[in-house]
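See the structures that follow.
There are two complexes below, and they share chain A, which is joined by chain B in the first and by chain C in the second.
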Partner chain A sequence: MRKLFGLAITFALGLVIILALNNTVNFPAFGEVNLSERISGAYLSEDNVEEVGSANLVTSIVIGFRTFDTLGEVTVLFISSLGVAFILGRKKQKRMNLNFKPNFMLRVGSNILLAIILVTSFYIILHGHLSPGGGFPGGAMIASSVLLLYLADDRFRSNIKGFKLLEGFAGSLFVIIGLLGLVFATAFFANYLPTGTIGNFLSAGIIPIIYVLIGLKVGSEIAGIIDNFLTEEERA
Partner chain B sequence: MNVVFLIAIPLLAAFISILIKKYASYLLVAVGLFNIAVLIFSKNGIVFIGGFDTTISANLLGITLLLDTYTRIALWVVNVLILVIAVLNIKTYRDYGSILLLAMAGLNGLLLTNDLFNLFVFLEISGIAAYLLSTSNKKPVSTFRYLLYGAIGSSLFLFGVVILYSMYGTLNMVVMIREISASNNYTEVILPFILMFIGLGVEAKLLPFNAWVKGVLGNSNVLSGPMIAGVYMAAMSFVLGRLVTNLFVFEGTLLTVVTLILVLGIVVGDLMAFSSSKVREILLFSSIAQSSIIILLFVNGLTIWAVYLIVANALSKTVMFLVINKATAETENDEVDSLKGLFVHNNIVGLTFTLAALSVMGLPLLVGFVIKLNYLTALAGAGQITLIAVILLASLIEGIYLVRLLVKLWYKGEKDLRVEYHFSFKMVFIAIALSLLVFGNYSTPLNELDNSIDTVSEVVNNG
Partner chain C sequence: MIQYASIFLFVLGLYGLFINKNVIKLIVSLNVMEIGLFIFIISIGYVGDNAIAPIISNTQDLGLIYVDPLPQALVLTAIVIGVGTTALALAIAKSIYNTYQTFDLDEMEESA
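What follows is the complex of A and B.
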């Protein structure tokens, strides 16, 4: 009965949403907005793009106009990984037993793959202001390489203390870069470095630096979560 | 001083605290003190993050923070209470230092931000911090239920923000208010407003979105109880109040529906408290009723009295939850009968608890009375006789169960109950009880503030 009631409410809400948003003046169909009439169209205006200096428009919004949100998102991931460690990893941990034995070829092969994944992830992080990608996807790739090592070798343990250190330093530096904006310019997260020529590797001021920090932070946080999920408490 | 410090410094400290875990709780206290200094030395106004534009009318791209009298009161309540709770728990809950730092950053951001998506981000940060705080209850199922409700609530809030953004192309609250009143088509914004109202209603403990509260607060301890019933409740009410008075437009049928939900919340909350035999449940149901009254006042435009009610309620509930949770930690049982005679050997604690309870009931000489008298008068002026009748009826029920509770706690039971309260706890209780008494008798400063709480648009237009 409760489930039926829940289903009815869900359908009713869905119906209300469809009816409320269908055929309204202010809510045009997807992709049919005339951006030049919209306030958000200003994100694309030439002056504003040049002010931020990033060739990647998404980056110019995510790490340019809305860096503060990104700091918040990084914090959400930080507190989530803190929570996982808080619940799962309070005592001394050992590797969980996998129900297969990885062989020698798998271990060596995954090491070669590791190098390729890491190089690609660094490329994506470093070119975040120029091409699609950036700190979040690059960081997730770093973590995926750690996951690969965990799955390919049943005795592997990553250096969790090192990752914690990296996480703390990258996060602190992210905030400090923002605070320096108050010293060298007038606002928190102001872009106080020269933005250079759009499209050059060395351009967009503080954006590439922030992306490197985000990449390291995201990578080490997700790696920490992976470690928490693939280990268990040591029985005394 | 720049108010962005209120968010940036706790965040920085949280990142550093995982490197020096042992000292995290001391770092928390230091940051709490620093925040109070920032509050003293900061000036009201708008802060532009990223420094993209210098005038609010042109600033459509970057994120802005807004500090006005309303936010300032909210920040004082949140930061002082977190500092007090942190100091009281500095030895018992050492591991929670980093989480409290993040909660502090999240709640400050929630109160300061003038950007709807940014509001969602801080809702997430403070929400996850609250789930982690509730793990200290050692009741995983109720924490998980809290997490589920919270996640659904904030998704609905985000959905509402997405719809508003696709309609008006801005996330800035001030610009959004301007655009909505320019388009003059309120029927279209009803859906996003309802979604956002439900989303925040989960955290503000409004009926029927509050099924998580019983599990979390009913098993709370000296850390999670005052944090969630005191600090979070105050912050979420302030945020919802800000949106209700400035952004949301409740008219016609919608107004009736919202009022009905809130009235139900008041009556059901007090009736549940009346029928419960567990002390923590009585307190939590009473705070559900109180939060509905608060939002009802906001909906009726009585901002100033809603603000005072939030502050008085946060202070009283902090004392009450601290007293009861400290005792239940020793008795391991929160049935009213097993706590009989709690105050026989703790007269001072009993006296402060009684003052807090009487203030919640709204008895003369205490600040609760001044507030209740004023908002009832204002409601009478607006011709809301039904609402007055409901609130008076609820107060009657509230009076009965709180007095019944007080009598049992004061009179000796079969067993001789001894609970030790540390000196620091007593100091906090006395300070809060005194402030409830002082402002109950000398209400001039409250009346003076009356004129200085403006809406966001007024603040922006008048500088």
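What follows is the complex of A and C.
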């Protein structure tokens, strides 16, 4: 009975969505979009691109025009990691036991892989204003290296205090850089460094600095979440 | 056409939310809904077959046709928030399991 009811409601909702999208003039068909009619056309105009100076236009939106949104997003991630720590974190913690005993080869091989993952993630973070990627995917890669160490080494326990310190440091520096925009320029998160030539590594003003801080913050937050999931209460 | 696929994913996730009683399956259904929404938002920004990724090498490139960068930026935001909410939901599921020794909502009601 519940399955039938759910199916009926689901079908009705899907039909409503499709009909609502088909009958409006505001919603163009797939692939027939004119960007100059949208607000995105302004982000693609030459003045705005040169003002931010980032070669990756997605980064120029995320960190250039909408830095305040990104601050809110980082705050949401921070609150969710805080909530995970609040729900799962108890006083006496030990790491969860694996069902198998990792051998020597697995430990050494995971260390080699760890170096490659870390180098790639820092490359992605540092080139966020030039190529696809940036602080968020790079930070997730840093956290994945911590997960790799947890799975490959049964004695590994990440330095959770260090991660908390790094997270707080990166987050407060992010806000301080934004506040300096009020001093050297006119607005919160205004770009007060020279933007340089588009496509150069040292360009786009404060965008690379902010993206590095976001990468460190996201990496340490997700690593903290992983640590909370892979530890359990010590049973005496 | 891909927009209908994303709507299908969205309503599939909603159907999963209706019929499942397992907490983990509910979280997976929420994630399926979320992915449907992401694909839908990305598909809004598709401009045409000759459009390229919105990455320029110099300002002369601005005359080319790019896909819409704004939906991509919004989805970048939404994915990170999705990771956060999924982590929080899984943490709640783990603490539910520690209390009731089950993931099933019906069995939870019986034991309560």
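Following the convention adopted for this analysis, the second predicted complex is superposed on the first by the 231 of 236 C-alpha atoms of A that agree within 3 Å, B and C clash if a C-alpha of one lies under 4 Å from a C-alpha of the other, contacts with A are read in each partner's own complex, and residues count from 1 in each chain.
Convention: a contact is a pair of C-beta atoms (placed from the backbone, for glycine too) under 8 Å apart; a residue touches a chain by one contact, two chains touch by 3 or more.
Just so it is clear, the structure is predicted and the values come from calculations on it, not from any experiment.
Of the two partner chains placed around the shared chain by superposition, chain B and chain C are both touched by A:I39. Contacts of A:E51 after superposition on the shared chain: chain B is touched, whereas chain C is not. When both complexes are overlaid on chain A, the residue A:I225 reaches chain C alone and has no touch with chain B. By the touch criterion defined above, A:R66 lies against chain B and chain C together after alignment on the C-alpha atoms of chain A.
Touch criterion not met for A:I142: it reaches neither chain B nor chain C. In the superposition on chain A, no contact is made by A:L126 with either chain B or chain C. Of the two partner chains placed around the shared chain by superposition, chain B is the only one that A:G181 touches, whereas chain C remains out of contact. After overlaying the two complexes on the shared chain, residue contacts for A:L166 are found with neither chain B nor chain C. Applying the stated contact rule after C-alpha superposition, one finds that A:I87 touches each of chain B and chain C.
On chain A, the surface touched by chain B in one complex and the surface touched by chain C in the other have residues 17, 21, 33, 38-40, 43, 66, 69, 73, 76, 79-80, 83, 87 in common. Contact residues on chain A toward chain B in their complex (touch as defined above): 16-17, 20-21, 24-28, 33, 38-43, 48, 51, 64-69, 71-73, 75-76, 78-80, 82-83, 86-87, 164-165, 167-169, 171-172, 174-176, 178-179, 181-182, 185-191. By the touch rule above, chain A contacts chain C in their complex via residues 2-3, 5-7, 9-11, 13-14, 17-18, 21, 30-33, 35, 38-40, 43-46, 49-50, 55-58, 60-62, 66, 69-70, 73, 76-77, 79-81, 83-84, 87-88, 130-132, 134, 136, 140, 198-199, 218, 222, 225, 228-229.
Every residue of chain C that touches chain A in the complex is listed here, in rising order: 1-4, 7-8, 10-12, 14-15, 18-19, 43-49, 53-59, 62, 66, 68-70, 72-73, 76-77, 79-81, 83-85, 87-88, 90-92, 94-95.
Every residue of chain B that touches chain A in the complex is listed here, in rising order: 2, 4, 8, 11-12, 14-16, 18-19, 47-52, 60-63, 95, 98-99, 102, 105-106, 109, 117-118, 121-122, 124-125, 128-129, 131-132, 135, 163, 165-170, 175, 179, 183, 185, 188, 190-191.
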